[in-house]
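You will see two complexes here that share subunit A, one where it goes with subunit B and one where it goes with subunit C.
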Partner chain A sequence: MTCIVNVKGLTKSYKNQSVLKGLSWEIEPGDVVGLLGKNGAGKSTLLKSLLNISDIDSGEISIFGEQYNQLSSKNKARIGYVPQENDEISWLSVNDLINFRKQFYSTWSDEKVTELISRWEIDATKKIAELSPGQVQRVLIILALAPMPELLIFDEPAASLDPAGRRDFLKEILTLVSDENITVIFSTHITSDLERIANKVAILDKGKICYFNDLDITKESVVQLTVHCKKEQGITIPYLLRGKLHSQGQYGVVSQLDQAWLAEMKEQAVEVTINPMGLEDIFLELTA
Partner chain B sequence: MEQFIISPSSGIPIYKQLYSQIERMVLNGYFSVDQRLPSVRQVASDLDVNPMTVSKAYGLLEERGYLTRLRGKGMVVTARDDEVLQQEKLTMLDEMIKELLAQAKQMGISDDKVVQMINRNVANKQDETVGKE
Partner chain C sequence: MANILLRGWWAKIFIILLWLVAIAMRFTEHDDAREDLLFSIIAFSNFLLYLIVSMHLPLLTHSKMAVLLPNFSQQLKQVLLVVFGVSLLPTLLVLPDVVTWLAFISISIIAILIFVAMIYQPIYQIFFWLVILMPLPMALFDISLNKEKLFTTLAWLLPLISWLAYVLLNKLVNYRGNHKHISKIIATMNVSMGNTLSIQDSIPFANRTKLAQWWGNSHFNYYRKLINDATNSSQKLSNRKLIEISCQSANSFGVNAYVIWSVGITLLCMLALVIDESYHHLFTPMVTLIPALIIGTGSITLFQIIQCKKSYLARLAILPRFKQHNSFARAFLGYVFYNQAILYCFIAMLLAVTAKIFGHINVTVYLNSVLILLVYCLVTISMMLLTWRAAQNYGNPVVWLMIIGFIGTIVFTTHMATSGMVLLVYNGIFQWILIASLLLLSFSVFRQLTDK
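For the complex of A and B:
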């Protein structure tokens, strides 16, 4: 399968602080990828690099099979982006901004714009500067969705939305995902949003995508284990991220569940209890 | 039509949560034979989850013989031998008993004690039924 986004050896530093350190990443069509990372991990830098908004030091990036900084205008129009901070002209009214942006796209859907403006109760006659942060974010989302993009990149899209607004935004993304074969990359701190809509989870840590996997597989393999054994048995838990010995046995969190090892434990009559974890805990364990 | 309940932040993947709920609903007769299940789209939109997740659960239920995919109709509950159905129900109960015994063991309660407790509950229930008559 051809990748929609293909990143190889991406590096980027600000002054003398290196942010991305030889990062590689491949995104397949139809994926809905949630990107997690601590504050300052470089999520925004990574997303901006993909879009050629932020310069990179070295590495290769291709989008729709074309080099990222030489995208044809046709391919550029296939990308929708919602930045973390509003960089639109704030003295324009919502209507004017929409009409201005519309000129750049041949695939612009007025229908989508009208529908979302009324559903999200935005007064389009108001200037951007007069809107609340949540309303501005909604306008940015509308601008990104209007050209009916095939690749959507969101940088913390839900950050200034209230719970109802966030849920409605998720609904809109889910409708897009079920209707068309759209690919979505979104960075977030809200793991429960990611758990609802993403099929893959990526973790950016120490300048690299340190973890990238199917969300369901992640929940089935990154688990807490309690091994009911005595110290003398000298049992080592494979893929251990963090472990503790106590009188009742061993406790640990693994990055992967080793089936062969589990079978071996069963043979030795060592009881192993498996406790699944939510994504927030998984994220904390993987970046600890 | 909110028939299913999921908790997205649980460590159990959403498709698995859906799978076990629908499995139980088929076995306890909430969904009857030939009954049509809500479409993938409908469930995904009701629960605000990715449609792929719902498809995955439905696919697994089809694979295990609970559901049949009918052209243009979506998923319906498969008609199956009483014997097979009975076996599925027993398997499910068996899993629950295993879990119960494991929990008891963690609390330091012996298997014998659990059996005793089950017997006592059965006896109490019979007393109640007799009382009512």
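For the complex of A and C:
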């Protein structure tokens, strides 16, 4: 399947501090990817780099098969983006801002705008500066959804929303994904949001995507193991994502449980404790 | 997009008014001496328009979405060309012949290039000073300026200038660089005219240019010294001084500004004394612009500062030292009057010195200018006090009124200088204006002293 987003060897640094270190990533059509990462891990930098909002040091990025910094107008119209910080012109009214954006898109849906504005109770005559951060976030989401994009990129979209707003937003994304088969990439550190809508999870740590897999597989397969053994036994845990030695043996997080290896351990009378993990635990373990 | 670039009703109305005045003058006045004035009015109004557009451009070019909006660059280019084209329409009616018109287009394009360069790269602000200081090399190297030859050359150079402008325009609509500096411009352009100062004040010290850091530090050092001296001695700071210290901003017109302007004017006068008198007229724009700049930075800035410091001053007013009835209002009035009186005395003195050296205005025009400045000062103080007391924020329209009133003052003074007007103090209309401004001031002071 052709990838919608393809990243190879992406590096980016700020003032000699490396943020992204040779990152590679592929997103397929229809994927709803939740990008997890600690504060300062580079989630926003990665998303901005994909869209050419932030310059990169090296690497290759392609979106819809075109080089990220030479996107045609046709492909630009297929992308919706909600930034983390609002940098819209603060003295424009919501109506003015909508009209300004509308002129660039032939696929603009006035119905969607009207529906969302009334559903989210936004006073469109108010200036951006007069809205609360949550309302601004909603306006930005409307602006991103109105051109009916095929690729939606959200940078911490629910950060300023109240619980009701967040639920409503997630519902909207779910509807879009099921009806329109669009691709969504969103960064967050609210794992419950991710679990609600994403079908894939990516974890960004130390400048690289250290984990990228289906969410269901992740929740089913990623487990925590404690192998009660001695160091001299030299046991190697297969599919190990992260592991460490401690006084009672080995401790590790694996991407999947190898049944053959488990049987082997049983034969050797090595006790293996298996603990299922929630997404938050997986994230904490992998980025610890 | 054009709405964003041409934001501001006050400015737009002012520009259209100037166009209408120029067109009306073209069809009513048939005096050849008016040509220069017409050219000046149309150039001023169009340059103001170009400056406004240039200042708003970063809001579009440096928006995060600019790279993502389909056809953004093409649409922006188209809008800029349309705005430029529309701005040339009144010139078709106002300018006398094709050569002047073509030369005007060349001058306009050069002005736009300079404005945009100055906005996007602060280093190009040197162009502004080069234009202002143009008379110096002309006087020093004995370059005579033939207006007709200059205009013909500019008219012939138009294709080249247009080609250069088009190449640069293509670069501009895709330009995303110098983000650190542009973010300051965007912050300033994202607020209304009345709040530009508070935004500039909120820029972190480390993010300012070295010159701005030095300027701010040297300004604040004076007030730090005042505080330290008061702390080390038994004499307390007066209420007026306390308010003065509270109202300081990195952009305040303070002691260092007076010193630098005085030194600059002295150097200019010394230069004028050593060059031939026939070149003195070349300095007229410069010596007219300097008092204008001083009023702009001294008077409008003070208005903005006291507007920004409203809540801070309200907290100051409840300090025990202001418990006596009206003590805060009196001290505040004292500060505003003292500050503005010094500023306008300085300008009056500066005008006297430059008039004496350059001879661009005679004694009558000088006295008239001082009287007009007095009226302007009275009205400005009244507006400051009335706006400060108002429950709603009228900062934006008041700043525009000040600017428009101020430009009107310059135009009137220029007209006065050329038309040989008698002393204004004997003019009935002026006497009424003076009385009205005194009454307005008295009312604003009365309100200041009686309001709770």
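The definition used in the following text is that the second predicted complex is superposed on the first by the 247 of 288 C-alpha atoms of A that agree within 3 Å, B and C clash if a C-alpha of one lies under 4 Å from a C-alpha of the other, contacts with A are read in each partner's own complex, and residues count from 1 in each chain.
We take it that a residue touches a chain if its C-beta (ideal position, glycine included) is under 8 Å from a C-beta of that chain, and two chains touch if they have at least 3 such contacts.
Only a predicted model underlies this, so the values are computations on that prediction, with no experimental measurement involved.
Participant: Based on the shared subunit A superposition, would you classify subunit B and subunit C as clashing or fitting together?
Facilitator: Pair status: fit.
Participant: Looking at the overlay, does A:Glu220 come into contact with subunit B only (first), subunit C only (second), both, or neither?
Facilitator: Only subunit B; A:Glu220 stays clear of subunit C.
Participant: With both complexes overlaid on chain A, does A:Lys206 touch subunit B (first), subunit C (second), both or neither?
Facilitator: neither
Participant: After the superposition on A, what does A:Asp87 contact: first (subunit B), second (subunit C), both or neither?
Facilitator: second
Participant: Give one of first, second, both or neither to describe whether A:Ile53 is in contact with subunit B, with subunit C, with both, or with none.
Facilitator: Second partner only, subunit C.
Participant: Determine, under the contact definition given at the top, whether A:Arg101 touches first (subunit B), second (subunit C), both, or neither.
Facilitator: second
Participant: Of the partners subunit B and subunit C, which touch A:Asn275 in the superposed model: first, second, both, neither?
Facilitator: Once the two structures are laid over each other on A, A:Asn275 reaches subunit B alone.
Participant: Of the partners subunit B and subunit C, which touch A:Ser73 in the superposed model: first, second, both, neither?
Facilitator: After superposition on chain A, A:Ser73 lies in contact with subunit C alone.
Participant: Measure off the angle at the C-alpha centre of subunit A toward the C-alpha centres of subunit B and subunit C in the combined model, and quote it in steps of 10°.
Facilitator: So the C-alpha centres give an angle of 150 degrees.
Participant: Pick one for A:Lys8: touches subunit B only (first), subunit C only (second), both, or neither.
Facilitator: neither
Participant: Measuring by CA atoms in the overlay, how small does the subunit B-subunit C distance get, in Å?
Facilitator: Comparing every C-alpha of subunit B with every C-alpha of subunit C, the smallest gap is 28 Å.
Participant: For subunit C, which residues are in contact with subunit A within the complex?
Facilitator: Residues 1, 3-4, 7, 59, 63-65, 67-72, 75, 186, 190-192 of subunit C touch subunit A in their complex.
Participant: Which residues of subunit A touch subunit B once you look at their complex with the stated criterion?
Facilitator: So the residues of subunit A touching subunit B come out as 32, 167, 170-171, 174-175, 177-178, 191-192, 195-199, 215-216, 219-220, 223, 273, 275-281.
Participant: Quick one: in the complex, what on subunit A touches subunit C?
Facilitator: Checking each residue of subunit A against subunit C gives 48, 51-53, 73-74, 76-77, 79, 81, 83, 87-92, 96, 100-101, 103-105.
Participant: Mind listing the subunit B positions that touch subunit A in their complex?
Facilitator: Going by the criterion above, the answer is residues 8-16, 41, 44-45, 48-53, 56, 102, 106.
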